[in-house]
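Every chain is named by a letter (A, B, C, D, E, F, G, H, I, J, K and L) in the order it is written, and numbering of its residues begins at 1.
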Amino acid sequence: MTVVRSTLPEEALGVTGTALQETLVDLLGLSLVGKQAHWNVVGPRFRSIHLQLDEVVATARDHSDTVAERAAALGVSPDGRPETIAATFALPGTKDGWLRDTEVVELMVSALGTAVGRLRERIEATEKADPVTQDLLITITAELEKQRWMFQAENHPRDGASS
Amino acid sequence: MTVVRSTLPEEALGVTGTALQETLVDLLGLSLVGKQAHWNVVGPRFRSIHLQLDEVVATARDHSDTVAERAAALGVSPDGRPETIAATFALPGTKDGWLRDTEVVELMVSALGTAVGRLRERIEATEKADPVTQDLLITITAELEKQRWMFQAENHPRDGASS
Amino acid sequence: MTVVRSTLPEEALGVTGTALQETLVDLLGLSLVGKQAHWNVVGPRFRSIHLQLDEVVATARDHSDTVAERAAALGVSPDGRPETIAATFALPGTKDGWLRDTEVVELMVSALGTAVGRLRERIEATEKADPVTQDLLITITAELEKQRWMFQAENHPRDGASS
Amino acid sequence: MTVVRSTLPEEALGVTGTALQETLVDLLGLSLVGKQAHWNVVGPRFRSIHLQLDEVVATARDHSDTVAERAAALGVSPDGRPETIAATFALPGTKDGWLRDTEVVELMVSALGTAVGRLRERIEATEKADPVTQDLLITITAELEKQRWMFQAENHPRDGASS
Amino acid sequence: MTVVRSTLPEEALGVTGTALQETLVDLLGLSLVGKQAHWNVVGPRFRSIHLQLDEVVATARDHSDTVAERAAALGVSPDGRPETIAATFALPGTKDGWLRDTEVVELMVSALGTAVGRLRERIEATEKADPVTQDLLITITAELEKQRWMFQAENHPRDGASS
Amino acid sequence: MTVVRSTLPEEALGVTGTALQETLVDLLGLSLVGKQAHWNVVGPRFRSIHLQLDEVVATARDHSDTVAERAAALGVSPDGRPETIAATFALPGTKDGWLRDTEVVELMVSALGTAVGRLRERIEATEKADPVTQDLLITITAELEKQRWMFQAENHPRDGASS
Amino acid sequence: MTVVRSTLPEEALGVTGTALQETLVDLLGLSLVGKQAHWNVVGPRFRSIHLQLDEVVATARDHSDTVAERAAALGVSPDGRPETIAATFALPGTKDGWLRDTEVVELMVSALGTAVGRLRERIEATEKADPVTQDLLITITAELEKQRWMFQAENHPRDGASS
Amino acid sequence: MTVVRSTLPEEALGVTGTALQETLVDLLGLSLVGKQAHWNVVGPRFRSIHLQLDEVVATARDHSDTVAERAAALGVSPDGRPETIAATFALPGTKDGWLRDTEVVELMVSALGTAVGRLRERIEATEKADPVTQDLLITITAELEKQRWMFQAENHPRDGASS
Amino acid sequence: MTVVRSTLPEEALGVTGTALQETLVDLLGLSLVGKQAHWNVVGPRFRSIHLQLDEVVATARDHSDTVAERAAALGVSPDGRPETIAATFALPGTKDGWLRDTEVVELMVSALGTAVGRLRERIEATEKADPVTQDLLITITAELEKQRWMFQAENHPRDGASS
Amino acid sequence: MTVVRSTLPEEALGVTGTALQETLVDLLGLSLVGKQAHWNVVGPRFRSIHLQLDEVVATARDHSDTVAERAAALGVSPDGRPETIAATFALPGTKDGWLRDTEVVELMVSALGTAVGRLRERIEATEKADPVTQDLLITITAELEKQRWMFQAENHPRDGASS
Amino acid sequence: MTVVRSTLPEEALGVTGTALQETLVDLLGLSLVGKQAHWNVVGPRFRSIHLQLDEVVATARDHSDTVAERAAALGVSPDGRPETIAATFALPGTKDGWLRDTEVVELMVSALGTAVGRLRERIEATEKADPVTQDLLITITAELEKQRWMFQAENHPRDGASS
Amino acid sequence: MTVVRSTLPEEALGVTGTALQETLVDLLGLSLVGKQAHWNVVGPRFRSIHLQLDEVVATARDHSDTVAERAAALGVSPDGRPETIAATFALPGTKDGWLRDTEVVELMVSALGTAVGRLRERIEATEKADPVTQDLLITITAELEKQRWMFQAENHPRDGASS
């Protein structure tokens, strides 16, 4: 069933569609993992991290919507079903149960860092294929790098303590 | 790792914790399926259904947060990770690709109906165990039944068509 | 014409549907009587009562909408037509023409008291039939009892005056 | 009981008072019929019409308040009690039970058209009697004609169907 | 110094300019008298009347601005200086010092009634001269008549008292 | 294709439809010319006039929408296409390129004055044909006359300079 | 002095009135103790806890108002005077002077836990007596349990520390 | 435990700390007594006084926060615990049970008047000690004197009654 | 008729009452003169000055209300009637008719400067009599001095002109 | 008349200026055509499309302003006069008179598709000439492609119809 | 170039001008140092301190504007240029590079404490010279002392550490 | 002390870090110079320019924050201390004392033009090094070019003057 006739040529569409679908799963998975940590974090920094995680989730949700609608706008059906996320999510996840605040900070630094690395590859891949999509991926990267810095800064060891 | 000492006795806690964890997965899954349909719906009623689905998603997301935090408040670690949703989601899902508007309406009537049926059982199960949790489940049921009615009303056949 | 398939069994649906339809007429009638008094009240307490009546009307209108949509959500067509209200409205009404402020206060104490009494019966009747509907009726009762208290407090006689 | 001394001479007051009382009943009845359709509409255009009807109801409620307070301001006690509406409402009403979306559209075109016709007569009648009231009736007419156009436009047959 | 060339012919401009200048003084004076009562009212209804007077003042101030800018738009310099108001204000004023709440209500009924009577004459006078100005005067009359009704309704005697 | 059955008799409809269509083109053209000046104005009063022009454009856009929807409500298809505006726009326009602030002020005084003159004729023409449309034209005239005054006041020559 | 005639029978009223009066004192006392800690907390987590305490205070204040007005609505005069609170407040209080952040967290876990325990008894006691009051107590319990969880999560010891 | 090193010398700190602690108790007590009256007032002026009392409570609560944080900022631990208020509250309090509206007005005139008298002494005492604190006490006095005036104006006897 | 018993001793009250009454007339007069200029200003700076004058008027109106209510709070009946303003207004006024923008700027510099000079005397006079009133006068002075600066800055001559 | 000295070299300015002027006309024309369809659409999907068209118009108007001001910022006078639009508008337009909803959907798919195609060429053309302008064109393209998708999705044939 | 003629005599102006200019530099420097710490803070309390610093910056920026405009209003040209701040900033500054959270807290306690000490001297100096300026400096002192307390409270050592 | 591990390779980081640090100083300096002019401008266009400068300051402050946080996110400590700005600020500054409005306009045209020129070089330099940073610099350039155009347009000579 062809629904939306794309404004891109075939090959460019292939590259762009893949970039968008992968980003969609990264962001949806990140929003679920972020909420999981939001609910399960414990420790003296509970409140700070509990609130900060909701900013990550809000960012991930907003951009997942933009990314999926961009795919649809190009004629590529986006896939964000639970089974698809579970099968293709490629960022670091988390164990079940309560999570110490220090664990959460490390988790987020790692998950956001991986997401940024993958986005930077797609920025390069889409430069020729579709500068409009590239621009969107650049915007997302900027926000995830900012979130990552905040967790990294939070993660800085106290004086004399080992990392 | 025991973190939050529950205000409920052991047995009541078991019943309540199960009810909340199952509801959490129902709502998270519903929010993902709702967004999937929001992006992939096509047909003459696109705009109406596209917008209505976002109300379902907003409701499901808000309540999933309340449900998970209620579990945490009772000392039960909630689990909303991608793999958990994929493994335990029990409402009707959807195929990949574009979805005709009529298919979406039927999907939502069915998914919301199943969710309501499961919630009604949990309302009964938690009546003695924890009236506070029961009250929350009642609130969620009222909203999902309202959403289900709207899709049912939308689904009514034109004159002359068989029901 | 069956439109919305109910999530309730037949008998429970009968009890619940009746409770909702009766509440709908009580609230719509109350909103009309409240406006009538809002426009026709005269006397030194005009402004206080004029404003307070608009709060009653706003409450009655909002809840009439929720009640009717709850009926629809259960598969029961709600009936709020002018002729239905006129024929089945069972709260104390008012004569035509200007109304002294003291008359209005007594009218509202009486109308709200009757409405609360009828709602308490329906709360009991729906407890088994549909706890979701019961929860809605409880909410409405709380608000109408609050409104009734305010008019009662306003109605307190001056020192030395007979009640 | 004479309460508010009118700023109009006797005869002008008679004409104006009648125009306002009739308009009040038209608008209150219209708000009840509009809500009835809002709750009972079914069919593929459910959501569009469900929302549009709430705009009609909001308009009718707001203007009924202005009209009644205008009557009071002129010394004429307005009458919007349930029994008065039921006895004197002169616009097309509706049967009970669910209403197909096409039926609702026809109902609203007809009810709004009748209301406009009656208002235009009153605009003429009040021109000399009270230009202030006339101006209010003109404002109401403009809004009801706009609402009527929208339902008419919605009612246009598909290609090949007879007008 | 001719500044704004009028869009009206000479004679119509004379009639319209006079109507606007007189209305300007009525409204500015009313806003000052209303504030005076707002500050000096005493008695059991203090709060109700204190608040209601601020609505009169807000209405009078807003419309005085519209009226003066309408005059300017027609090329007539409006005059709202203190000495002009003191010299030409023709509505009932008030004595200095504290004012009983009953006195204030009577004062406002009388001042608003006089203002309405004067406006109705100007509505007639400007009908041919400038329907745009007439429309503005109609709007002001509607609001002042509404305010006057509220004070009249408040002024209604208690039971057993003579009218 | 007859779509909306008018509430006006044939002849009145002809007069009213013409008045509305002409006003629509005046307002749409005014909004385009206003934006053209908003972008191209230069000179020491740049900022004041740049901002004031956006108020003219906002007014013209809002009223063009009301006027076109009024025509539709009466059963007359409004025509605001680029080619129609270019062919029938009758107010003073502007040359291309940058515009000195003094030129812009003169342009707006002239364009608004012409628009007001044309509106006043239509106010007279529609008085009998459709008082509802007349009331709308009166409202537009009041706003355009106010805007014209502001540009005229701004245009007043400095002391000793010739007009 | 009998003021508000209750809608409850004598015995149910006794149970309900006691439950509401005790809850009122718990909440007013909690709001005072919460503010005391808000002002006196010191330590590295100052800001987090300072802000979180204000959420507890806001919750306690809002619900104390609802609880007291519910008592009044049932005809029971609520008592929230300073001497009554001091004499009957039964939750853990605090010493005077500065409070370390760790002390504050423990204080709030303990005070909120005690409040919840007392509320759960009243939920049971009012089930038959007044389901409307029970519903209000359930709502309050849900919020206090959520607040208690947050302080418990914050209180989790760092690695290596004993639970 | 010394926490906050004061910016004031010892003696000035003593005077200022005492002034702030006493003001804190006055305001917290006033907020509790104001709420008590808000809930228990009865009589024809119920609504006016019910609403006005909430303004007193809001003012007292806001300023109690500012006063306590000012003490903390100077290095003086503020004490607003229930037992402290009960032991040191020095304004007129109220009996339990329902309160006639006239009693409430007298209570508030008296309580606010006493509070103002005590504040004026502290304004003098802190002039040299800490002009920053003095400025805060001046602000509070201005607001309480305004509230007191409103209750006094409300308290004015009707004609013929003795002062 | 003594209404509000003052919190100030006789002599202090005399000084303070006079300061407040004079300030009230200054501010009310200033608001009228400011509006007069707002409507009548012409010249190239029309828009800037037209807008800036409304800020002066808003400031003057807000503070006149505070000043009058402060007088009432102290037991002094404030007098802001038209005849009182006309008789006692002591700031520079304006001629009738259109006003060049340069004239308006000079007028405002002069009027605001005179007002500030008079306020500074009252600040000194009330220092001992009532520091609460003094604080209010200081606030007003700060705002009027800011407004005066803006008009002075606007008034600066172009290059080559003498200072 | 040279007004704004450009920050770009001559040749880059030529390319960029042309791209901006052409985009300006595309967007202004699109806003006019969108409004024309907004007013003239008829058929069962009237409301959905009527509302969606206003989003297109809002987008087109906002971006036309940004584009024109970008041209001005680079020293190129933008030209959006009626005659320029009519002469150079290159997107598909519409016939006069009422438009069936299906026609409108096709018109918008076609007009938006053409606009996107033209924008993609300009994105390429401005990459070297001015990356700042290119970034703006990318943003506009993303939004128009999203709008185009929505109309395409709406346009999908019912079951049984050929794609 | 004399621009604004001061309302203060020469000598008072000298004292006041110096106080304002010094305060201006303190506040501008504080806003820059606060932002520097906002960006460079690292450690477990990152988020709390990052947010709190933005409140300091907002306070410093707002008051620097008020202080500079107060100087201008008195006829003293304020100087907030980069070179002036660098040359005359007298509060403790910070090294470049990342800053541990504990360092930041100590920096802010010290910088705010120094600022408060300098302000208290100026409060004394301006008491006679200009009470209006003194009042502004009092307001700023109150806010900076509050900010300083919050950092001091945060700085309190954990148990076992020496005070 | 290494805090944030960068997501960029060494060399790219060097280029990007330099671009960001230089932009930070340009923007912070611009915000200080803009405020200096905001406070010191005099002349007939005072109000227009006073307001416009605050828009420049707001833009510069917002973007300085984004730029500094972008540097931090990449692992580069940003430096915005007073001494750094004074030492490295490279845009045209201003003399002390009052500034004529014409001087201010020229200053801003020059400062913004220089800033844009420097940004365009960095846009080129970061294209390969970090497209995310490049995108941010493009956004800033667009806004500064718009601000520069507005001052240029304002700066256009009157008729008869040479260009």
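The definition used in the following text is that contacts are C-beta pairs under 8 Å (C-beta built on N, C-alpha and C of every residue); 3 or more make two chains touch, one makes a residue touch a chain.
This structure is a prediction, so every number in the text was calculated from the model and none was measured.
Listed candidates were A-K, H-K or J-L; the one reproducing the A-G interface, defined as more than half of contact pairs identical by residue number, is A-K.
More inter-chain C-beta contacts link the pair J-L than the other of J-L and A-K.
Spacing of chain J relative to chain K, judged by their CA centroids, is 50 angstrom. Chain centres here are Cα means. That of chain B falls 32 Å from that of chain C.
Computed from the mean C-alpha positions, the centre of chain C lies at a distance of 40 Å from the centre of chain E. Contacts with at least two other chains are made by residues 3, 42, 45, 48, 69, 72, 98, 135, 153, 156 of chain D. Those residues of chain I that touch chain K in the shared complex are 113, 116-117, 120, 123, 134-135, 138-139, 141-142, 145-146, 148-149, 152-153, 156, 163. On the chain G side of its complex with chain H, the touching residues are 1, 3, 28-29, 32-33, 35-36, 39-40, 42, 61, 64-65, 68-69, 71-72, 77-87, 89, 93-94, 96-98.
Chain H makes touch with chain E in their complex at residues 45, 48-49, 51-52, 150, 153-154, 156, 158-159. Contact residues on chain G toward chain K in their complex (touch as defined above): 41-48, 50, 98, 100, 102. Listed in rising order, the residues of chain F touching chain D in the complex are 2-5, 7, 69-70, 72-74, 131-132, 135-136.
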